[in-house]
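Everything below concerns the one structure shown next.
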Amino acid sequence: MSDPITTASFLGLSGALLGIGLFGILTRRNFILLLIAIEIAINAAVLNFVYFAAFASTPASGLNGQSAAVVLVGLAATEIAVGLAIVLALNRLRGSINVTEATSLRL
Amino acid sequence: MWQATYLFDWAFLLPLLPALSFVIVGLLGPRLKRLEHGGWVAVGFGFATMVIGVWIAVEEMLSSGGYTDQQYTWFSIPGNGTGTFPNGFSLVVGTLVDPISALMLIVVTVVGFLVLLYSIGYMHHDGGLPRYYAELSLFLAAMNGLVLSDNLLEFFLFWELVGVCSYFLIGFYYEKPSAASAAKEAFLVTRVGDILFLLGIFVYFATYATSGSAGGWAANGFPFVQGNQPFLAGAMGGHSTTLTIAGLLILGGAAGKSAQFPLHVWLPDAMEGPTTVSALIHAATMVAAGVYLLAVASLFLGFTPADQLAIVAIGGFTSFFAATMALVNTDIKRVIAYSTISQLGYMVLAVGAGFAMVGLYHLFTHAFFKALLFLAAGSVIHAVGTQDLFKMGGLGKSMRITGFAFLVGGLSLSGIVPFAGFWSKDDLLASVYGTLATHPVYWPFFLMALATVFLTAYYIFRAFFLAFSGPASRDPTLPTAHEASWVMTGPLLALSGLAMGAGLLPFIPAFASLLPGAGIPPHYGLSELALSGISLGLAAGGIGLAYSLWGNGKVYTAAPNSALGPVRALLLRRYYFKDAYDAIGLRGLYGLSRAADFVERYMIDGTVHGLERAFGGLSNRLRHIESGVVLDYAAFLVSGLLFLLLFLLVIAPWLVSTGGI
Amino acid sequence: MDLGTLIPQFLPEFVLLGAGLLILLGERVGLERREYFGALSLAGMLLAFLLVAADLGTPGMGGLRGVSAGQVDGAAIPGALYGFSSLGLWFQEFFLLAAGLVALAFLSRPSVERGAAVSYALLIFATLGMLLVTLAADLVYLLLALEITAISSYLLVGYTRRDPRGLEAAMKFYIIGALSAALSFFGASLLFGAYGTTSLSVIGHSWPSGSGGLASAGYAFLLVGLGFEVTAVPFHMWAVDVYDGAPDEVSAFLAGGTKKVGLFAFVLLFTVPLLLVGSLSSATGSARESIQLSLVVLALLTMTLGNLLALLQPEMKRLLAYSSISQAGYMLLGIAVGTAPALTGASLQILAHVLLKTGAFLVVAAVSALGIGPLVADWRGLGVRRPYLSAAFALFLLGLAGIPLTVGFVSKFVLFSALVQAEGWFLWLAVAGLLNSALSVFYYARILKTMYVDKSPTAEETAPARSGEPLGADGLGWGRAGAIALAAVAVVALGVYPQPVLGALGTAAQHFLSLGL
Amino acid sequence: MFPALSFLLLTLLVGTVLTFLSGRWARWVALGSSMLFLLEVSGLLSGFSWPGVSASGVPQYAYAESYPWISLPWLHISYTVGVDGISLPLLLLTAILQLVTVLYSFDERRQPAAYFGLVLLTCLGCAGVFLALDVLLFFLFWELVLIPMFFLIGYWGGLRRRYAALKFFVYTHVGSIVMLVALLVTAFYSHAPSFDFAGMYVPAQALGVTTQALLFAAMLFGFGIKFPIVPFHTWLPDAHVEAPTGGSVLLAGLLLKLGGYGLIRWGLELLPTGLVHDQPLLYAVAFASIIWGSVIALAQRDLKRLVAYSSINHMGIVLLAIAVDSNLGLLAAVLLMFAHGVVSALLFMVSGSMHHTFGSRDIATVHGITPRTPVLSTMMMVGALASLGLPALISFPAEFSALLATWDRLGYWVLVPLLLLVVTAAFYLWMMQRVLFGPTEGVPETARDLPWPEALAMSMLVALTVLYGILPGLLTNVIIHSPVYGLP
């Protein structure tokens, strides 16, 4: 790695993003906010890819990282789309999008 | 001589014929009402057996004490050149006809036949006759097999079989709880002896496996006689301690069967069986098997001096010890039973002192007069329906033959000249006396034996006077006694004849060849004559005392508070031996077993159930973590992540640095 | 690369894609009878199956895929996105098998049902994703393929959209799935950061040299992300609810199919790093051992807790869910050891589980279609009422319990033999696994007891199946009957004579590892 | 050469399947197939000739067959079967017990097809265990025995049948797992070329002392649970008490023998050094079982429990005979297993008949049955006497050789089993005194003597008891055609 300090700081940033995402996921009961949190968490990964690609040792590696980032953005989009679909269905069926209320499946 | 070899080869018929009778009577008995439910079948076979047995014995006399051995392999293992049995190991069943077995054959087959005949009358009114005659036949078969055994294992095999027959016959009246328990007691006590016997067999077999001719003892099936020579383990050398132990173990076995101290308790209780059974099994034959075993062992295996001392001690003490218990007993059969124990003690004493033949001589005579006594007693019981001496009385007039028979038996037992018992017992005492010079340690036991002469005469005549003398029966409720039919009186007379004459048979040279060796027929030097005088005097004294106390319907009652009182109580309680054994058996063993059962149920199984419950509880706990709330699941997932990170980033490197992994 | 080389290389995948699109098209043009879609997708899957079989059958593995032997079971091409391995192709067959069984069973659902077409299409797309996973040589490619599978299965779980249980299941599945996807993405990004590449083999070989724990962290994140896929404890909790709530056939597909994808992802991701354990200098070697250790711990946790939880579970589907969790533990064990025999054992175990679990869940589907309740207790006396169905179920349970003459017995035997054969401390893994299977026998026995020993609730129900009913298949439709029968036959056949498949898997595993080196 | 053993197994399988399918006629089908089984085994016996030990010192087998089954570079499993003097008598026992069991429960009313099918399946499994010479095949049959027995106890059993069945299952299953591990380790750590007996023989014996000792100990545990050895025996009384009579008969007659056979075949023969090294442990366990079984039996009121504990005692003697590791001991072990198979079967039938004749097996409340049911009483008597080792009955030659072998190795320690023989005699005699003798009590008016199928089955066993008691050579001449020769 070229410069440990910057690496560390960047990792701290992406780590913080991930942390925020996870925190959101664990605490939000509203499905929409949950989706946003997930989006944030995924973006931490995207950010990593972009950063590491930028400081890549070889151009090939850089390309590799950037393409990965792009792919991930796409994936994130689909994830969220599917999530929204489920939200709609849930809302239509139960009239609520509070994820903790749906607990019919349990012992 | 051709016919001799001819019949020797057919010796196996002796066990086989009664066995056949056992099968026939056992299966068809209930159908044969006409033939006394198979009784006559058994008698017939018994007669055939007697003929063959006696015939073989006679031939043995004429062939002057040779050995004839037939072997049939039972099973065998090939050897592999190593271990204790390098040349393999074979167990055989055979028939060995030799002098002493011929002698025993006469006893077993003759008494057997007479008892069977007598039973026809005696048992007539009982139920379950097929069972009775079948078991009696089986006993005869087993007893013949035992007598003809040609090796220790076979001996043990038939030994156990006669044991189980005695078990069944003691328990013949199985509805009576006392009979059932007496049968069990007999089996168990003798079983203790059997275990020692078996261990003794192991010791001999393992020690001398390779000794002897051709391939060794083991490979030839451990025969008593090899190439017409007694095996004589003693002569084979081997560690003397081992030999001594082996001898003691054999003694243990004999003590069990012959009801010697301290395994004597079962025989008096065995009187629960029919009197005929007591006569045949528990007087004449089976109980004598122990003595026979000792004789065989001393002839074919050899005892060490230590063994001999032990045997002498046991025999001498038992003879006295049992006689004392007979003094006070009120049950006619039990009196005779105690005298049996005591007489067996004599025989053991003789064998121990090194006079196996003398012991067998006494066994021979004893078989007849003791069977006679029992059958006479049986005839009395048959007539009056009780065994309590103090209810009888005055039977001498109503039952002349029986009274005569009992008198003959009593005189013979007391050793009054010229009855059979006199010759053998006298010879026995004389022979033992002869050894005292070399073995002064035998003195006390010799004296006990001598004292026993007096006691014997006393208790048997006490019984005689109580039953037969006096004006009339003491208990008016008893039926008026009368003599039974010829099937019962006939055997009585026959046995009376034997009880009178059997003692003189050895004076016939041919017969003497059945008892080869020291002192048969008795040789009368000065000391022997003196000794006979003393013993005759003692016997006469005993009879006299009995007459003065019990004769002519007198009844002697010692004041309970007098010095005799406690003694009498002690004797009636049989020195508390039975009580002690019951305590060991019931409270001791059974208690232990209950305790073990408790441990089993609550500790061993308890642990298992504990585990089971633990698993179930755990499963339940864990299942309820599954709350159904998705965010909880997420939380678990994330915490799992944190653990992994912790492990891979912190713990693992640390472990690596410390060389943990 | 142009399509000219791509199409032949991905022929089976394209066939599936085509089938899926055709189905959607068909719905557009107004077809609605389930039979059409079913036939179409079955045809597609069968064709794909045969194509892959042909590849496997062709010596040198060039075959219809028209790729040079170098790319199949040859040395991996550095930086290649995908590569062909015979082991991967075998797994493709497994997945197609599972999907085929489910598609067949789907036929017995109401002929006209809302979302029938979509369900088939989703099934196909999920399968497509699964096939792609087996070809992955690159981390991103792998994640992409996994996401295809995951997203299609979220939708598949909730495809009816009217059933609250199904929807709730979908929701839970989605949330946990998305979360773990995010985590695996992050893990991938860290690995990329560590070695500047996403090529699996390169990462595997260079790890853990020269990265301040970055790579280890990456592996940790990926372990979690994939652990979700394979329902490894403690990432398993969604599975029970989802299997419970999803339509029965879908549960069969999830348990029998998609879960195995995660397992193959494990193989791809960890076999290479684990290969060299021990053969390396102490420091790096032991660092790799730490990964192995965490895998083993996961595996042990998974099978033990799975069994413990199943022990007293009153609901049939949840019980099966837990049992499949514990089964995953065995497979993970095989993967964690990382020797060729262990990999063989794990592969066979996976195949066995595909057949047994799919079969079991399909029986559940049939039974609930008969209107029998979800509790184990509701199955009382089924042995008398529905002899054939019960016999099949009993067979599957015995297989799961590892009783002789079923494929389950052979697979467990091979797997545990492999653990013993690896010697060293792996022996104790074998013991642990065996004790676990002993534990599992309890609840299988419990079900058997319920079906055969216990009395039926009411006399009316005890009446045996009416003779008029089709095929003696106890009145469940042809589709289900066929699927169940197929699975049952395969279970017994492979149990009695496994050699053909087992031998091939053995060689495949060998090749795969040599490929990694 | 004609594949006799495969044919045997095949006919057994066919018979079992047919029985399951043949509904009301099941009992006849079962009877027929049992007779065929017995016929085939007698055929094997008549044509039996042991090929001996090969030049490389590996014991060989009569009627041997071997076909490859699973073959991987590291795993070679084959279908290998064969018999020698050790397995053949046990196979004969299997055939006999199958026949008598079917006969005894000929009037079974509850689900007869399933019942007889399961009985036959159990016997099939046992036969397989005795024939199998490959680790996998052996384990396969071993496990196969478990399931039918589980159902026999669990469905046809008594009040606490569920508990008993589960207990039986758990214990034996755990045992078989440990056994499997031990076998696998033996195969792999010795780098045996294949999993069949011949392939493992030489390499296994070459294993180090410690390894062998550990492996043998593991096998002792694995096989021992089937024996059963104290303190892992508590499943046995429960299983016996709850099982239907047929189940108890097979359980005591065959399943216990599987343990003994396995320990001889896979333990003693493969790991001789381990055996020698573990001898103290073996002696301890054997003595414990002998003492415990016999002493506890004395306290039992339920006849089945009593017989069950006496089985523990007898199998303890078997273990002892195996432990002394001499050819005499091995012969005794096999002989004793056969004897115990026959006698315990008889005794369990007696208990079963006692139960459905008097409605109780409680020897403390049922008294003096002899006048009412003479036949049953006779059977009980013969069984008890045989079990306490009366000469001229089957157990005596076996126990005699076993104890002689013990004396040969252990000297006066033999007093332990010897004295326990007295206790054994004690509880049997006491049982007879209470049940058979004395005034009649606790016997319902409706009590009738044995129905013919039970009487027939028992008389067959009695006949065998006497026959082999008088002519043990019939068995020993077979048994010695085995590595009994080879043992030092």
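Per-chain numbering from 1; labels A, B, C and D assigned in written order.
One rule holds for everything that comes next: a residue touches a chain if its C-beta (ideal position, glycine included) is under 8 Å from a C-beta of that chain, and two chains touch if they have at least 3 such contacts.
If you're wondering where the values come from, they're calculated on a predicted model, not measured in any experiment.
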item	value
Chain separated most widely from chain C, comparing mean CA positions	B
Chain whose Cα centroid lies nearest the overall Cα centroid	D
Inter-chain centre distance, chain B versus chain C - centres from mean C-alpha coordinates, in Å	78
Chain C-chain D separation of Cα centroids, rounded to whole Å	43
Distance between chain centroids, defined by C-alpha means - chain A, chain B (Å)	97
Euclidean distance of C-alpha centroids - chain A vs chain C, Å	26
Multi-chain contact residues (two or more partners), chain B	623, 626, 628, 630, 634, 638
Residue numbers of chain A (touch at least two other chains)	22, 25, 99, 102-107
In chain C, residues with contacts to at least two other chains	171-172, 175, 179, 183, 241
Chains grouped in pairs wherever the two touch, ordered by label	A-B, A-C, B-C, B-D, C-D
Residues of chain A touching chain C in the complex	1, 4, 7, 11, 14, 18, 21-22, 25, 31, 34, 38, 41-42, 44-46, 48-49, 51-52, 56-58, 60-61, 64-65, 67-68, 71-72, 75, 78-79, 82-83, 85-86, 89-90, 93-94, 99, 102-107
Contact set on chain B toward chain A in their complex	623-624, 626-631, 634-635, 638
Chain B - residues contacting chain D, complex	73-78, 80, 82-85, 89, 91, 153, 156-158, 160-161, 164, 167, 171, 174-177, 179-181, 183-184, 187-188, 191-192, 195, 198-199, 202-203, 205-206, 585, 589-590, 592-594, 596-597, 600, 604-605, 608
Complex interface listing, chain D residues touching chain C	68-75, 136, 139-141, 143-144, 147, 150-151, 154-155, 162, 166, 169-170, 173-174, 177, 180-181, 184-185, 188-189
Residue ranges of chain C in contact with chain A within the complex	79, 139-140, 143-144, 147, 151, 154-155, 158, 161-162, 164-165, 167-172, 174-175, 178-179, 181-183, 185-186, 188-190, 192-193, 196-198, 212, 241-242, 244-245, 314-315, 318
